[in-house]
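Two complexes, one shared chain (chain A), two partners (chain B, chain C).
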Partner chain A sequence: MAQIALNHVTKEYSGADIVAVDDVSLEIDDGEFLVLVGPSGCGKSTTLRTVAGLETATEGDVSIGSTRVNGLEPRDRDVAMVFQNYALYPHMNVRHNIGFGLRLATDMSKGEIEDRVEEAAGLLEITDLLDQKPKALSGGQQQRVALGRAIVREPQAFLFDEPLSNLDARLRKQMRTEIARIQEQLDVTSIYVTHDQEEAMTMGDRIAVMNDGKLQQVGRPNEVYNDPANRFVAGFIGSPSMNMLESEVAESDGNAELQSAEDGALTYALSAEMTDEYALTPGDRVTIGARPEDVRVAVSPDAFDSQSHETTVDVVEPLGSDNLLYLSLGETTWTARVPPSFEPSTGESAYLSFPPEALHLFDERGETLKSRDLTDPLTTSRVTAAGTD
Partner chain B sequence: MVEHQHTTEISGVPTDAYVGEEPDDMEESILESLPISFEMVLLAPSIITLAVLSIIPLVVMISLSFMEVSFTPIEEQIFVGVENYVDMTNDGNFWDAWKATAVYVGGSLSLQLGLGILISVMLHRVIVGENVFTSIVIMPMMIAPVVVGLLWQFMLDPTFGLYTYLMNQIGLFIDQPILGDPNSAMAAVILMDTWQWTPLIVLIILARLKSIPQHLYEAAQVDGATGFTQFRYVTLPLLKPAIAIALLLRSMDLMRYFAKVFITTGGGPSNTTKIIGLYLYEQALRFFNLGYGSAAGLVLLAVTVLMGLAFVETIMGGAGDDE
Partner chain C sequence: MSKANQSTALPKSVRRYGPLAVLGLVAVWTLVPLFWMFLSSLKIRRSMFEFPPTIIFEPTLRYYQDMFLGANPVTPFLTNSVIVALGTAVLSVGLGTIGGYGLSRLDLRGKKPLAFWIISTRMAPIVVVVIPLFYIYNALNLLNTHIGLIIAHTTFNLPFAIWLMRSFFDEVPVALEEAALIDGATKWQAFRKVSLPLVLPGMGATAIIAIVFSWNDFIFALIFTNNATQTMPVAASQLVTQTGTLWGQVMATGVVILLPMVTFGVIVKRYLVSGLTMGAVKQ
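This part shows the complex of A and B:
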């Protein structure tokens, strides 16, 4: 077990045309479970493969424990990797698949290897599959074998490259818990790559969000969710995504307000404290953000004590526990998560409102000016949709 | 019953529904009135072709192997039972031909397989201009065997052959011609076939190599494999089905090998390169021992089939379930 550190790691492909990983620095503590999350092509897998030694960093250092591993072959790095497509050796049975690493990399006797394989198989509940070939196994079972292959080596670190992407939704959730359980039990430093923000939120001790090869934010799941570093993180983490609207600071009757930039369909009055705190001056372009669960919806504006905005209901998506409403406001669509009891019909007009505490603001470069205020009792106690009439 | 089902499927409507005299019904009844089922009608052309080209000759050959055939003064066939087969066991030339064949087939197969794997693994690593290299490598395969024989005979000619010249320069074969020496003649014939047919093995193995997923190598690297152990434990086991197919194709071809030896050595010197194919040719078409030749031919067929089965069984584990 060891700490893993990436120090200004850059990976360029084919003569600097593509920069897959751009100056990433990251420290993963001993025993920590770090999830690298980002959209396809953001460089998260390349980062992981650089740690594994399957890619060589163009610049920067990678260390595992106290060793700088830059020039080392994968086999000398003492890490185990779980691949998206399992990468089981098709010609070996499960027993040999799991024991292969021990056979190659250690001088253990056959009996010792056998014991270790049995132990790992027991932990993963695949003991009865040991003599099967991979093609006889289901996707979930294959992934367990791949996990077994990683566990049995007792490596310094586990590297997971989207290990659950090929499984169906139910199995994915089950394996998610399983991987988290095993990682905690074995207390091995782990890096887990995924494009699924839900997986990232539920599994990671910390989340590292990447985009375009750059590290956007590293933090505990709730930190990243509630206090995103920038517009990208705000939009990427959370499902459905945060509602966003480009706006411009304007002044009317001596009070500052935000006007939606494109169609002027929304104006949001700002308090004097807010303009002062975030140094907003008329003409500033800022992006408004509000999480769907912070958007309250009612049939009449009287239901709100704060400002509200008229919209039309586009789509109602019942989720059972909640209803998702898609509301059109000018040319933009807003998403709101409301209790299942509130179920307006399509085409009906409705009013949405979000309190200033729930408001996120991003500056012109996309950096966060203001995040949701969690200390406010109004937002911490779950905001519910106002009733019908 | 089967016939009935299929004819109804063609029209897509159950037969029971047909009571009228619509044109559809006419078509239906033509198909139904055929003495054989519809599938058989479709299969018939290929079955007839196959019968004419191989089944009838095979049957004739089997019957000939129990006959003594003479052409003078008129063609005459006398039933002799298993006499041809008994003669064979006592025929030293027959056994010598098999020995030559064993050396020839064994030598060629191992050389071709070894080189084939080596070349395909190297070609697989070539990133720039892979197609060009592959095309160059497979070129010999495109040449007719007789032409290959002539080409090599020319190259190995004792007076003006390029290869002979090169050999002479390093002090080899100064006293005797390459194709005239009992040892080097067999080696030359094996090399000739290797030159021509290694490319086939390269193609088969290269295709398989390309289908081995890259992530298996990555997993092996992380598991601690070096370049060699990756080849030994990942590449080679996964190549087994391709190797079995290559061996099967080449062994069948090598067993009935004829043209290049006929052109270059004619079986000599002193019968050292008289492989079974050449021996058969002599018996049946030079000495016109058609009965004996047929019997020997059947033995060759049996040996070839058994050899093929052995390759598939031992390498692919029967059903190829190593996949």
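This part shows the complex of A and C:
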């Protein structure tokens, strides 16, 4: 087990003038589960392959433990990798697939290898499949064998390259828990690449969000969710995505307010403290953001203490546990997650509201000005109450 | 199915029996001469030219006897044919596998033109290269040797072997080799223990094609061999003598040339089909 460090790693493909990974620095602690997440083509897989040694970094250093591994062949890096398409050797049975690395790269005896294979198979509950060929296995079973091949070697690090994206939804969730369990049990440093933000949120000790080859933000899942570093992260993490609206700071009767840029569909009054804190001056272009779970909807504006905005209900999507409402706000559509009991009909007009503490603001470059304020007013008041009592 | 489609469709009986009729015709076209050759090889010379030919007659093995036990037995020529065919197969498959792997895996600039150049060498007719090759062989003392003929046959088989093997390697996901590399394999081990076993059917198919070409080749063998290194097709041609054609011997030699290929073909049929389609079908 070891720490993995990437130090200003850049990967360029000279032939195509593509910068796949752009100056990424990242440290993964010993035993940590780090999820690299981002849309397709963001450079996350290339980053992982650079750690594995399947790609060479154009610039920068990669180290595993105390060793700088830049010039080392994959086999000398002591890492194990699980591939998206499992990459099981079709001509070998499960036993030989799992034991392949041990047979090839260690001087272990046949008996020792056999024991290690059995042990790994036991951990993954695939002991009865050991004599099957990969072709005879289901996708989930193949994935378990691929995991077995990784854990049997007891490597310094696990590298996962979208290992669950070929599985169906139910199996994916099951394997998600399984991988997290095994990683915790074995306590091996792991890098897990996925494009699925839900996988990232649920599995990672920390999440590293990438876009266009650049690292956008690294942090614990809740940190990234509540306090996204920029507009991209805010939109990428969370499902459904954060609602956003371009706006401009304006002044009305001496009070600052945000006016949606294109159609004036929304005017959001700003408190004096907020204007001061974020140094907003009239004419500033600011993006308003609010998560669907923070957007409240009611048929009448009287239902809210804070300011509300009129909209029309476009679509109602029942999820069972919640209803998702798609609301048209000028030319944009906002999403709100509401209790299942609230089920307005399509075309009906409704009012939406989001409290100032739930408001996200991004500047013109997309950098975060203001994040969700996590101090729960209820908890605060309760604490205060307890204190005064 | 739409109405238009139904109205233009052929009657059911034609759809069912049409293909069978065509296949039957091709089979007759191909098999009747071979069958006639086989029958003739068992007939005495006089009844060979009867018309209509007799199907039921008293067979004779004298031509076969003559061929193997007579004054000029064909056994050495048969041996030559086997040596040259096997040598060609080994060289073509070996080099074709390496070349095909390179073309499939290497990230080369100008890979496409290179691949085309390789296959384009196969487009020249054999007769065009025979004379220059003769001079080269003469200078290198390769005339009248087995290895000379093997090299000539390999030269003509290799482009096809490389292309065929490339398509087989293209079917093997690169991730398999990457998995092996991470598992602790060297590049050579990843090739030998993972990719190579997966293209075995392809190597089999390539070998068969090389053997068939070499076994049937007449023109290279005619120009580059002498009495000691002659292959079967050349030996057969020498049965056309100044005093006449030894039809019985020609027919028997034809059967002897054909028989190993047919036997071989039947044995490896399944292998060959799976090999040739494996390269074409995406999984």
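Quick note on the criterion: the second predicted complex is superposed on the first by the 374 of 389 C-alpha atoms of A that agree within 3 Å, B and C clash if a C-alpha of one lies under 4 Å from a C-alpha of the other, contacts with A are read in each partner's own complex, and residues count from 1 in each chain.
Convention: contacts are C-beta pairs under 8 Å (C-beta built on N, C-alpha and C of every residue); 3 or more make two chains touch, one makes a residue touch a chain.
Quick caveat: nothing in here was measured; it's all calculated off a predicted structure.
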Superposition on chain A - do chain B and chain C clash or fit: clash
First (chain B), second (chain C), both or neither touched by A:Y89: both
Touching partner for A:F100 - first (chain B), second (chain C), both, neither: both
First, second, both or neither for A:R149, with chain B first and chain C second: both
Which superposed partner A:K135 touches (first chain B, second chain C, both, neither): first
First (chain B), second (chain C), both or neither touched by A:P74: both
Footprint overlap on chain A, where chain B in one structure and chain C in the other make contact: 52-54, 73-75, 79-81, 83, 85, 87-91, 100-101, 104-105, 149, 153
Complex contact set, residues of chain A against chain C: 15, 52-54, 73-75, 77, 79-81, 83-85, 87-91, 100-101, 104-106, 149, 153
Chain C residues touching chain A - in the complex, by the definition given at the top: 109, 173, 175-176, 178-186, 189, 193-194, 197-198
Interface residues, chain A side, partner chain B - complex: 52-54, 73-75, 79-81, 83, 85, 87-92, 100-101, 104-105, 133, 135, 149, 153, 159
Complex interface listing, chain B residues touching chain A: 213, 215-216, 218-226, 229, 233-234, 237-238, 240, 321-323
